Every structure is written in C-alpha cells, then in structure tokens.
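One chain, chain A, links the two complexes that follow: it is found with chain B in the first and with chain C in the second.
The block that comes next holds the complex of A and B.
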C-alpha cells in the first residue's frame, strides 16, 4: 500500500503542505486545520512533516468510542465516518504521531485520507520532501539513509496487529 | 466452525466483526440479553446533555449484522453454560458451540438502601436508561459517585438545566484516575460550572412517599427528585461462575494473555474479565471501551487459531469540562503504591499537567488544559519506553527525523531531557 513518506533532510519548513491541505479539505487557509503538521527542533534545524502513518491495526480505531474509524477494504487507508464523531478526542491521544487532528469548526477529529490517492501536499511540496510511495520502497529508502536496522524506525509494534 | 458470542456490548460486537474479517465462512451467533443493536455507552452522557440525539449512539443497524452474516438473538438471557456438552441454555433453547466467547460485561450497582427502590433512581448504561431519565424530567439531581461516568453525567444534567449535587465518598473526585492536585483543579471547574461537589461523604438513604424527596448523606440532607447511581459496577459473571470457570481475585472471569478462560475453547473479553495492567502486570478490571475492543480482537484471533497476545490494559480517560480537556492515562499515585514514583509537574497558563515516572518509565499522566502532543506520552506509557531512550533519540540529529514522534514528548518531559 502507498502512503506519504517524508524526506526530512530536504524539508525547509515552508508550510505550503499545511496550507494546501487546509484549503483542500476545509476551504480555509489555516495551518491549524491541516492534517499534516510540521514538527520542529530549532536547535538542530530540524523540520519534519508528520502525517497519518496508515497503521495496519490503528490505535485510533481501537480507542474510538464510536467505532467510526476503519480500514478501507480496497485501498487500506484509515478512514472515518465523520458524521458519527462526537469530538471526544480519544483517537487524538491514542495516536503516537498526533496525526489525528481536531477540526474546531466542525468539532470532529480527522486524519489524512491521502486525498483519495492524489495527496495535494505531495503535489505542492516545492522541495520534494513529501513522497507518495509504497511501504516497502519507503522503508528501504529510509533504512539505507540512516543505516538503521529494521524495526528501529517507528514504534510500529504499536500498530503491528493485523487489523482484525 | 460454530462460534457463539454472549453479549452485544463493545466486546461482543468487536469479537463478531473481527471473527468475520478473519474468516468468511465460520458460523457466528450472538446471544444477548439486551435488546439493542451495538451502541456506545460512552456517548450516552452527551445525549443527556442534549448535545447529540439518542439515535447517534447506535453504531450498527440490523442490516449490518445480516450483511456480515452474523446471526443475532437479542433480548435473550443465557441462563446456563454447560462446558462438557459445549452448549448454552437460554430458557428452553439450547445453543451448541465449537468455540465460545463470553462478553457479558458489567452493570452499574444500586445499593440496597432505604428509598433506593423509589421511582427516580437511575443508572446510566443503556439507551433505555437515558429515555427513562428524560421521561422522568429531573430538576434536582444527586449523582452518587464521582468516577468519570458520574462526572460526565453531572456535567450533562447541569447542561440540561438541572440543579446537580455530585457526592463522592473518597476524599477527591475521580479518585481512581487523578491525584489530589489535578482532582482539585477539576473539582473547581465543575463548581464553576455550577455543580455542587461533596467529597468524603456517602449517601445513606433516600426519603419520600411515592417519589424521591430528600437524599440523606452522612453529613447533610439534600432536596432532590432524582438520584443517579454511578458508584461502581459489578461484573456479569454468574454463568461463568456457575459453570466452574476460574474467577479472579477482583471478581472478573480469569483469562490468560490470549483471552482464554480456564476452559479450553472458551474465551472472554471486555468488562466481565480480569486481565492485567500494562505497567505493573498486576490483575486489573479495565472497564474501558478500548480495552474491551482490543481484548475482543485478541479473543477472536485466538479463537480461530491465530496467535495474538493482549498487551495489558492501559487506561485513557478524557473529560471535557466547560470546553477544557482533562486527560488521565496510565496509573495514578494511589495505584502506584509500593513503587517509588517521581512526580514531574507543570502549572502554566495553558494548563496543568503531571507525569508520574517510575524507574525511568512513565507510569501515568494527568493533564488539564492543552493536551497537544500527549499522544507521544501515551505511547511511551503503553510501550514502557525508557525516558533515557527517548532522550537518546532527541539528542541525535540523525535519528530524530525518523522518530519524529518523540519530539512531542519534550513538552512534558523537558526537565528530564
């Protein structure tokens, strides 16, 4: 399955991804409404866009008290029946990446749905820091850059259950 | 293979859905006393408050069960489990199984006190309870028990315009979730909302002729027309107990990490079981929606022969009081008795939080106010990530981008880094 992969080394933190996401999804020009967020560590000059990792057994879904988060059987994307959301924010805290975002206007929590397969943030990123690619391809790319062993990358154990 | 599930709460429904996802051909039969399709008990206080309609609490409709080819027998109480015959008895009817999943849940307790049988005594558990409370037309309410359900119910009824008194027998509200200081902060928020909060006192009786008039606590008499009992729940274990399944020291059905009971092929999950806490590994009754669902996934997988293990329960409870989020996760100091816990506190304009640290690991967190990035802390609690490990990553420029989720933890752990 394809997902958004981040190449933090080339991210300049310009914030265009956040703006295009918020406009595309809410019609408003506001980074707070974006489903992709840039985390920063100024002392290292680090800027990392963080977005839903599309976990296979997503903790957000387990913690949702309205059972509205599901894996789309065709695409494998983590989707929501947003009309059922009561805005309790349990999914927001259950997500290690803080990638479930409260939309304060509609009072529902949302996550990246990859724009149905054509993510606008990826299309508009001027640096090529956001890539839309296959899981395996992404893993190889990162591991080779970092010289890491597999499993050292994300807290994937968290999300490793087979999504039953 | 024919699998029976008893109960249609969070656990029973999750078990059914997980089974179907893993196996398109097994026979899945649900039996439940309560005659509702899947609903969220957690959303019921929102209905009481008038924020959402009752129908929004329903999570599945009858067609969903038939689409998934799940047979439902709702409104049917199971009276007996026969382990040797592998069958359940409900009245005159017998149901045979190859595998069994018990998801019989729990029910709120109304203690036998003078007046507790008068009309106007309620619990909050089912859609029917909410309809009953609303039909009764409460104006002056005493909510007994200030756990999260009591607090949410009190807040909801206040929002509806009732005069509300919340009575808690312990010395603070939400004593199983929060320590003194955060509990006091939340209490003052409730008071600001207009709720009268009484701690360290207990209800000893109710008087009135044909309806509730006066509630007697040890310390005072309170005028009221309605009492809501949120003073604890009891596990529904009688069929398991009568069949001879092991019952744990805390009163839940004893299960192993695969959610199997003491009888092979009989699994149990949700509020009715006794499992273990993720940090202490000590027995616990979790009584949470998320634990019920995760345990049900594990039970379903093992039931079909796929190995899966329960990680242990880790609580996450969120309350929104006057628009301010209050979060408790993991354990509080009382639950950590016997451990040496360091308390890291932060009190600022955007809120209050405390992190409880035991032997380089986060055992609990309590926060009021801004909760941004608290997901990193919750993950560290669940994964028992050593703080020294997150620190190592955050000091290594090369590692940070691929483990960026640790960045959020700095907000809460800056004194440790």
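The block that comes next holds the complex of A and C.
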C-alpha cells in the first residue's frame, strides 16, 4: 500500500501543503481545515509535517464510539463516515500523532484520505519532503538515509578496516 | 469579489477604540493590497507634517492580496508609517507567517493610530481583539517576549519591538517573530512611540477562493515558472549570498564604510562557501518554494551557542563588509539585531561611520571609552550596546548617520546615506546599474530593495559614457520569455547593442516590485525573472474574483508609486535630496568615481520616463490624471 512519507529533514516549513489541502478539499484557503499540519519549532529551526500515518491497526478506529472509522478493503486507507460523526473528538485524543483534525466549520473530525490515491500536497511540495510511495520503498529510503548518516559519522579511513 | 471578505482592523490606542471596516471594492481594485493600501491610508488619513514619533503618525500593516494562497512566495506583509529616519514614507516588507495569520483572522490590513498612555500589546484572535497591558514585557528583548507570548497566545504570530523601538532609535525595526523583521526606515521607533510593544495575531478562519481549480493551476504554473528561472537552483542552495562574490569582484561592496570596494579573503568571509560551512537546513517563509534562509547553529568558537536563521546577504554586507567582521561575528551580530530589534543595514552603516570618525580623529577614545577598529567585533558590539541603550556617544549615533554627522565637525563626508537612510551593500562607483540608480530614485531613501533589474547580469560590469546603459548579456530566448509588454521591452532592452536602458528599466523594475509588494510576493531574483503581471492577474482573478488585465496591475503599482511620491512631497521632500553622498563623487574607488552631472542627467531622464517634471521631480498633471490621482492630490 502506498502512503505519504514525511522527510522532515528537507522540509523548509513553507506550508504550501496545508493551503493546497484546504483549497482542494473545501474550496477555501483555510489552514485550519487542512488535513496535513506543519509543526513549527522556530527556536530549534525544526519543521515537521504531520499527517495521518495510515496505521495498520488504527487506535482512532478503536476509540470511535460511533464505529465510523474503517479500513477501506480495496485501498487499505483509513477512512471515516464523516456524515455520521458526532464530533466527540475521541479519535483526536487517541491518535498518537494528532493527525485526526477537527473541522471547525462542519464540527466533524477528519483525517487524510490520500485524495483517493493522488495526494495533492505531495504534488505541490516543492522540496520533496512529502513523498507518496510504497511502504517497502519508504523503508528503503529511510535505510539509505541511515547509511549516509553513518558515513558522516565514520568517514572513509577513520574507522577500522580499509575501503569501508 | 463577493467571496472576498477581508476587513480592515483599525485600532485607536489613544482611546482604546477598535473598529472593523469593510474594504471598498474601489480600494481593492485600484490599490490591490499591501503597500497600495498603506499608501492610500497614510495619504488620506495622516495630517500633513505629522511628527513621526508623535500621536498623529499612523502605523499600517497590510498583507498582500495573494497572501494566504499557496501561490509561490505569497507571504509578504508591508508595514508603513511616516519614517522617523527619512521623514518621508517609511515602509518595509517582511515575510514569514504574520500575513497568513492576519488574513485568516479575517483582516487584510491593520491600522494603528494614536498613542497609548501606558505600554500595551494588541492580541488578535479572529474578531476578538484586545488591548492588553504589556507590563513587564516592556524592557525585555524580543526573543524573551516571543517565548512568553507564544505560550500565552498559543499559535499566534508576533510582531514586536525590542530595546531599539522602546528607546526610539531612529533605525529601530519591528521584528516579525524571532528571525524576520520589518527592518528599514525605523518603524520600530514609531511602534515604540505609541507605547505598543507587540501585536499577536491568530486566525482560525478561511476565505473562499473565487475559482479554486484555477487557483491551484495558477499555483502550479507559478511554481514551474520560478523553477525554470536561470537563478533558481543557485538560490535554493545559497540564497541571497549568490550576489556576494560577483559584487566583490566588481570591487563594489561596502567594505570599511565604502572605502575599499573589496576585502582580502572575502570569499570565505561572506561568499557562498560560508553556507556550506555554517548552514544546515533551509528555512522558508509561507508558500515559498525557494527557501533562501539557512538555519545556523554555532557549536564552537567565541560565539558558540548562537542559533539563528541567517546567512543572508544583508547582514553579511552590513557587518562583514561595512564593519569588517568575520563570519562568526556576522552571525552573532545578526542575532543581536534580532534580539534588540534594530535594522541591520542602518546599524552596520552607523557602526562603520563611527569607526571611520574614530580613525579620522573626529571622535576620540575619551568620547567612546574604548578604541574602535574595522574588524574588531568586541568593540563593535560594545558600541552597539551603547547605541541600543542610548548610553554616552550611543545616544548621538542612535539618531542615524545623517543626524549624528551634524553633531561633529567635518563628519558628513563619512555619513553614507541618502535622505537619512544608510546605504546598504553596493557601491555605485564600483557598479553602475539599474540597481544603483534605484538607490537615488527609491522613495524611502538610500535603499536597494525597490528597484532591481529583473534580469540583472552578474557576469559583466561596464559603465557607459552616459551612465544610461548596462549590459543585457542574455540570449534572445531570455528576451522573448520576459513577461514585459512589447512596447516597454523595446524601450528598455536593445538586443542588437546588447544593452538595457537604465532609466526605462528602473521604472519597470520599480513598478514590478511595487506590484509584488502589493500582492505580497517576494522579490528574490528567480521570482523577478519569471513572475510577471500576466500570471499574477490570473492568480488574483482565481482568488478574489476581480478581472485584472496585466496592464491594470502595472497601472495600479504605478499609481501607488506616484501616491507615495505625493506623500513625500507633501512632507517636504526636496529634489536635491536625491543625491549620493559626497564620497561617491569626490573620492576614487579602484580608480573610479561618479560624475555628478551625468548622474543628474540620468536622473532627469528617469523623471521624464515616469512622467514627472525633470527639474523638480514632481509628477506632472497629466500623469496624475492618467492614474486617477488628480482629485486625491488637490
């Protein structure tokens, strides 16, 4: 299954993803309605996009008192029947990433639905900080990042053994 | 238009009044937003001859028309008031996230009038606007206040002043969060004079786009345009520092208060290599795809522990070139400026001025208390603290170089300023171009940010006999894709001679930048090269639902420029004030000096191109009539 993979290291915090998400989903530019949020931590120079992780076993679904959150059998995406949502926010509390988001206008909680397979935030991200890819590929990408890091820590010639 | 529900928030600090005003469609159509709104509001509502630090001055923040959309670089907010430094239209532009919050709170503009009896700050949370006592925040440096206010008003963006604004330094800045600011023209002092410490803004609302699909398409097109610019890749990597080494090669940087033109080892002090050495992550403003800012953490050396968004050309030139500091001291200096809320360019100019006065024997060790030397960071920072706190000689220097020079005999030669504003970075003796003429024609004084050739070529540096041409230096394909109307293009660029006409290009560049400042996008070169009025018109239509032609937009920008000129004339600006400091006409730099008569001639030609009287620099009646300003100016 493909999902949105966040590469926080290259995120510049421009916030384009938040705005295109809200425009695409609601026709309004309304960062509060966006299903992807950038957490800015200016004192550390850190910016992290937070979006539904598409958990295999989503805690939001467990907590939903109305039983509205389900895994789409075809795509495997975490979906919700928004029309029945009572706005109790239990899912918001349960989500370890705070990626379930209260829509302040309709008063229902929403999460990223990957735009049905063509996530618009990924298409507009100028830095490649948001990627839409297969889980295996995403894991590989993270592993190669780890490889680069270890290369920085142990540059050639400084660690034991030759030609490492 | 019906979807566009922006309002103007007007706050009268003298009486504690808060008002919400609708934006008249005519205002939006004629002035767009940003600097356009500011010019109109200040011209209409401020009494002539108001004291810049008095109750009558008005401080306006206007977010650009496109701010809040994902249109690339649409993040900029223009702040304006009568400048305590130049006495004319004081205005400054900043990005980051303040504009987005202001817009999502439902406001296009924030107008602050009057003067509070006690220190206060304004907290805006959608329509819930409060004037709160600043209490112990007064007297604290910016970052401490940001820490406090961020906790108290969670999720807000904060505009605030530090010691600079509180102590009414004429070049105090308004800081925009921690690392950005409305630097130039001393707006921080205006805010300080109103006893206003900070403004926090949080918005949770949205606005409908007139045509969301078209808006997303315009965004995509805009992104692709900017990405195809010749300078795009270099800018994503090195940001504004790209210009540093070329200008040093031209011997045209402000080294040692404009006496040297270049410095030994400049490449490693202020060139692109410092980004590789000190920079880590790239930091963007709202909706920006360039991300020219760099995150810097100094982990060792004298200034270990400094964490800041930096490595931009402004601090590098101000502190590295003008004052002669090394890279780590430059980073420390920009941190200090952000903490205390002062304009980096003017601080650099004032420090360079003081050091030169000391070296010339005009001020002595007894006057200061210690010795001064170019490149001595400890002495420079000691003096900076004296200026910020107005101690000893710092009290005189806090008035800016022009006023300080009046206090010492023979000192005005060393005050490198135009209309009171300290000149940044570039020495026009070393490079004569649209950019350097722009310092003279700039309506806010000696400044480089309101007139830059959209296709400046940094490979060539030739000055023609008449001072009216610069080398174009690009191929036909570049000429063809420029978004400039044919008739302007033909006048401004001569492909056969491979030249750009400086006065003609100045007018276009100023109007284009004014348009950017109205709609709220950034003037980084990749944007200037590619984003013209055509795509802006399309984005405006998709967003606010008003049909503009590209010509309408340029006319609006020109209207704003002329209105600001009228404002300056009303405040007593003289045509003689558009003059370089004597040093540029009298002292040679690398064998080059400016010919005053020739500069004057180019300036007169520029006035003609603008439709202004070539001798007095006043807009002609016909020009005002064409721009529908004739009734306003009577």
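Brief remarks on what is shown
Operating definition for what follows: the second predicted complex is superposed on the first by the 143 of 164 C-alpha atoms of A that agree within 3 Å, B and C clash if a C-alpha of one lies under 4 Å from a C-alpha of the other, contacts with A are read in each partner's own complex, and residues count from 1 in each chain.
The rule is short, and it goes like this: contacts are C-beta pairs under 8 Å (C-beta built on N, C-alpha and C of every residue); 3 or more make two chains touch, one makes a residue touch a chain.
Everything numeric here is computed off the predicted structure, so don't read it as measured data.
In the superposition on chain A, A:133 makes contact with neither chain B nor chain C. Of the two partner chains, chain B is the only one touched by A:90; chain C is not. Comparing chain C and chain B on the residues of chain A they touch gives the larger count to B. Applying the stated contact rule after C-alpha superposition, one finds that A:9 touches each of chain B and chain C. In the superposed model, A:32 lies in contact with chain C only, and not with chain B. In the overlay built on the shared chain, the residue A:124 is in contact with chain C alone; chain B does not reach it.
When the two complexes are laid over each other on chain A, chain A has residues 9, 40, 44, 46 in contact with both chain B and chain C. By the touch rule above, chain A contacts chain C in their complex via residues 9-10, 12-16, 19-20, 22-24, 26-33, 40, 42-47, 104, 120, 124, 126-127. Every residue of chain B that touches chain A in the complex is listed here, in rising order: 13-14, 18, 21-22, 38, 40, 42-43, 46, 51-52, 56, 59, 289-290, 293-294, 297, 300-301, 306, 308, 316, 318, 320, 325, 327, 329, 371-376, 378-379, 382-383, 385, 394, 397-405, 407-408. Residues of chain C touching chain A in their complex: 68-70, 72, 97, 100, 104, 147, 177-179, 204-209, 212, 215-216, 219-220, 223, 227, 280-289, 291, 295, 297, 307, 309, 543. On the side of chain A, the complex with chain B involves touching residues 6, 8-9, 39-41, 44, 46, 48, 50, 57, 62-63, 65-67, 84, 86, 88-90, 92-98, 100, 142, 146, 148, 153-155, 157-158, 161-164.
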